[in-house]
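Given below, in the form of structure tokens, are the structures.
One chain, chain A, appears in both complexes that follow, with chain B as partner in the first and chain C in the second.
For the complex of A and B:
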């Protein structure tokens, strides 16, 4: 019967071409939608790697700081002590502006032997890891001894470690960032800094020194558990007193994360809406074409019934024809879809593409089945004695 | 071709030996109902058709010939009465069993051929075999044999649109006989053909009846064709008149 269906479809290739193309385009759109969905879902399942719930970010601009570096250090120390003295503040740390869930980026190419990758650069103090509960997998985080060394010390994240060193030991190795030599003293957990749906990125931490403090404009404040948003005005007042002439903004990391997630979801929502409309069109088109085919083929259906086809055989034949047609569209679509993992387009893992292909195949078959079921049932109900006398 | 009188005599002798009817219709009534109109298509019809008999049915348009043929072919059900085919009461057969029974027992020939234009001649002939257990190779062999019987071996790879009316009807006959059914129901098989072509088709049907013992019921408007068969049944207003 399968070869019979292929013959029927092949001999009616002109009539079936448009429908085939419609299924083919639908497959590609669904492949795109599912690729994004699978990619987001895989990222979503990865833990954040740090705790941000009780952390607030303070951004201050245009602060008047002393010119001399030692005076800057003293000034920042005053800020630190003042904030730590506020009841409700558990810890604070100064850091670069590219904090988690922010829209600021600072990156640089780093290399080890022949491996060269792009990595985010974060400036952090000794208590940054403890403030975020960021785990150090091997080696150590920064301490006071790191100032004295000739080579700048860095802590790299696990992803950068795998990119540069693979399974080899990274601690003690020196990598290059441009001409600058950086010695790895620790490997930290990956931080999912761009929200729930984005992947972790290569990154390393370098110690925020006094020169860095001069241009610092971000403070992370960890507040004690149980403190709510009503604490914000009090903190703002303290900050306004200690950092004079500055524009101060306090943001909660939970809110920052939500904003980042919303932004990540925009392309997925857009693609889903476009895909949804297309699928509705395809479903209606498919349904209409199958319905039209049945009306056009009433004599043929009557004849098949006369020569021994049962009602269910007729129904399954029509569903089978639609499925064979969709199989051809899927084969064609899969040929193009498979190029994505083969050519490593968009640098996504092959598993994402392959899962998306499988889901798109299942979706198209499901859609075709649903659209063909009712017309198939109607075809089965055609009365052969009547159909055979129609012209 | 044998003269009609001789054929009738030899067929009658053969029929006398056969006691069990192949098709038996008892008190058949068929009423078509709409909201406002009730049409009696067949009225208390009783008919027995013996195994190997070639019966023709004649009557004016609308007298119930096609309805009768549809009921014999299990394509339609009577409003009341009993249909027995080869000693099987088919009235309560479920759809699947009815389809399988039709596939094994009955071949159909229609006035307008009803060939599938998107399939080649060979594939058209194979059609009844698709609905029974057979391999593609078996189907091809049987279809080729059937086409050879009707003298169309050289047209297997053609599409129906490339054939003349007579050739199309021969393909339809090949399709009707490919599954070696015991009954062939022909609804005005020569109705669309000129007299030469019609005679050719009639010869093939007579040969099938004579050589293979196939029971044939043919609806026709052509008195000459009808006279070539063993028995003629005339219908008028849904009842048998002769």
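For the complex of A and C:
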């Protein structure tokens, strides 16, 4: 049966070639669309790993700070105490500018034995983890015994732990960042810092030192739930008075997250719209061509009916032909699609590509089935007498 | 002859309405997407409010200092000192607009937060760029030199801070705890023109950053305007000559790279280019490749449909051939027919894109961006139509012309 269908297709190879090309390109388009969708969905399922709802970020630029480092520490202490004194402020912490949902990045290569990976570097203080409700899986977070510049202790996130140490213990080990030796004292949960649809990244936390304070431009403020709208201008006034001469901006993490998500969603929506339009186009085209082909083969079909083929056998033959053709296209397309996980293009996990290939195959089969169904049914309704009479 | 083809084409289109619908759907939607994309690219890259003089301006977006031996580098906007001292020595620029990139700051009106994007500029900024003043006027050089706390604000800011009916000039606006006297209100600038976008424009002398620092790196970008469009090349040469002699401001870095480019090139250089090339060629190749790939599927589809259509008319072709029509005449006729079809689809496409752009504009997805179909976009679409028609018409027509008279007549 199958070989017979192949023969039918081969006899009309010229005509079928273009149809095959069309299905092949559609397969590739759907592969691209599904890859992105599967990737986003996979990332979406991962929890955020931290609580940002009541946290605001304060960015201040061009602040005039004292030249000497010990006076900087004193100055920043005043800022901290003043802010903690504001009614409604639960906690504050100074940190580097690469906060969650921001567009700033700061990364460095770190290595352990032969493993070398790129990791985000975050500067954090003792209360950073408690402010974000970031849980420490093993070991501990920073405390007073950690002195930046002397103890060189770091907390790494789970993902970095896995890429450097695999299943081995990480606590107490020393890793290299450039020439610097850093000792791991804790492993924290992963933070999904680039929004809902982006993956977690390798990262580690260093303790913020006085030099870091001098160039610091970001404050995280955790506020008590249930404050009213007049609180933000009040906080802004306080900030303006305590940090002299600076441009200050207050951002809410909930808003920052929305903005980051929009940036991820826009390419996805655009690709889906364009992909959807292309597929409607192809579906209509396939439908038209199949319909036309069947009309042209009326006498052949009439003859088959006359020698005893049932209506459903006829329509299954036509659908079968279309499916064999799409199988050829899918084999060709899968050959190209499989290269993506094999050559590790774009650095996505292989599972994403394989799921996308499976979805694209199912989609193309479904599409071809739907397009062939109606023409097949029409062919089944041909009366042998009428068809043969025309001839 | 053409009129005859036209008549035949219309008759054929009417006969098989379903096929006509499929073809028109494919063509019009492909062109709609192309036109919306073109309209967007056109809006970003063509000159328009308030940046009208792009034929005689060059843009300096960033400056880079490299250590050529170890490879590390430092890159960012330039300092005011760089524009004031080094660019100021150049003879060919008639005027230089210097400004910071917009940066957000907060102010509160009745406990409601207002994000104001600040932009610090020099006085010539207002001469190089033609902002439309709804009220008042820009600040002058003397006011900048004196460090007067004056501001030009956008209509949007005025509406949300002072209310839409009251005039704003002479009133005070407060941001970052400093009061500025409003001396002008300008029409809103779309955010896609981010070189000139801002909600509040202030003299650079009131900026909190130190503009006197004698370094190269800072927070300023510049627009150099030549006396005439013919002088631009000379200006570019003079700028590069100056840039080659520029000393670095830090010992461990030994080379300065800074370019004055045309608008489009100043962005393509950052993405595709390097010190030696502007990356324009790469940019156009990428855009061209993408367009081709995008059009591949609709074209294949149309080719398939066209073949079915033509084969259906094989008896007509057989008769014409039997009466002595040459293959080239037939090919010519079918291509013309197909182009008529694509142009019909193109007209539908224009109507659809008009609707899509109206929806986009009224949705306010991007603040103050008003996309429109202008002559240039229409021209591009027409070219796209014809290319599309040729691409999808040639192969079926060639297949048809090789049909044998006997087989054609028999079918």
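Rule of thumb we're sticking to: the second predicted complex is superposed on the first by the 383 of 391 C-alpha atoms of A that agree within 3 Å, B and C clash if a C-alpha of one lies under 4 Å from a C-alpha of the other, contacts with A are read in each partner's own complex, and residues count from 1 in each chain.
The rule is short, and it goes like this: a contact is a pair of C-beta atoms (placed from the backbone, for glycine too) under 8 Å apart; a residue touches a chain by one contact, two chains touch by 3 or more.
As the structure is a computational prediction, the values presented were derived from the model and not from experiment.
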{"item": "Partner chain(s) touched by A:84 [first = chain B, second = chain C, both, neither]", "value": "neither"}
{"item": "First (chain B), second (chain C), both or neither touched by A:147", "value": "neither"}
{"item": "Partner, of chain C and chain B, that touches more residues belonging to chain A", "value": "C"}
{"item": "First (chain B), second (chain C), both or neither touched by A:247", "value": "second"}
{"item": "Contacts of A:350 with chain B and chain C, given as first, second, both or neither", "value": "neither"}
{"item": "Which of chain B and chain C A:342 touches, first, second, both or neither", "value": "neither"}
{"item": "Which superposed partner A:69 touches (first chain B, second chain C, both, neither)", "value": "neither"}
{"item": "Which superposed partner A:388 touches (first chain B, second chain C, both, neither)", "value": "first"}
{"item": "Intersection of the chain A residues that touch chain B with those that touch chain C", "value": "none"}
{"item": "Of all residues in chain C, those that touch chain A in their complex", "value": "18-19, 21-22, 25-26, 29-30, 33, 103-106, 108, 111-113, 115, 118, 176-177, 207-209, 294, 296-298, 300-305, 307-308, 311-312, 399"}
{"item": "Complex interface listing, chain A residues touching chain B", "value": "1, 3-4, 7-8, 11-12, 299-300, 302-313, 383-385, 388-389, 391"}
{"item": "Chain C-facing residues of chain A, complex", "value": "14-15, 18-19, 21-22, 25-26, 29, 61-62, 229-230, 232-233, 236-237, 240-241, 245-250, 274, 277-278, 280-282, 284-285, 287-289, 291-293, 296"}
{"item": "Residue ranges of chain B touching chain A (in the complex, touch as defined)", "value": "66-67, 70, 73, 75-76, 95-96, 98-100, 102-104, 108, 110, 112, 114, 116, 118-120, 123, 126-128, 130-132, 136, 159, 175, 179"}
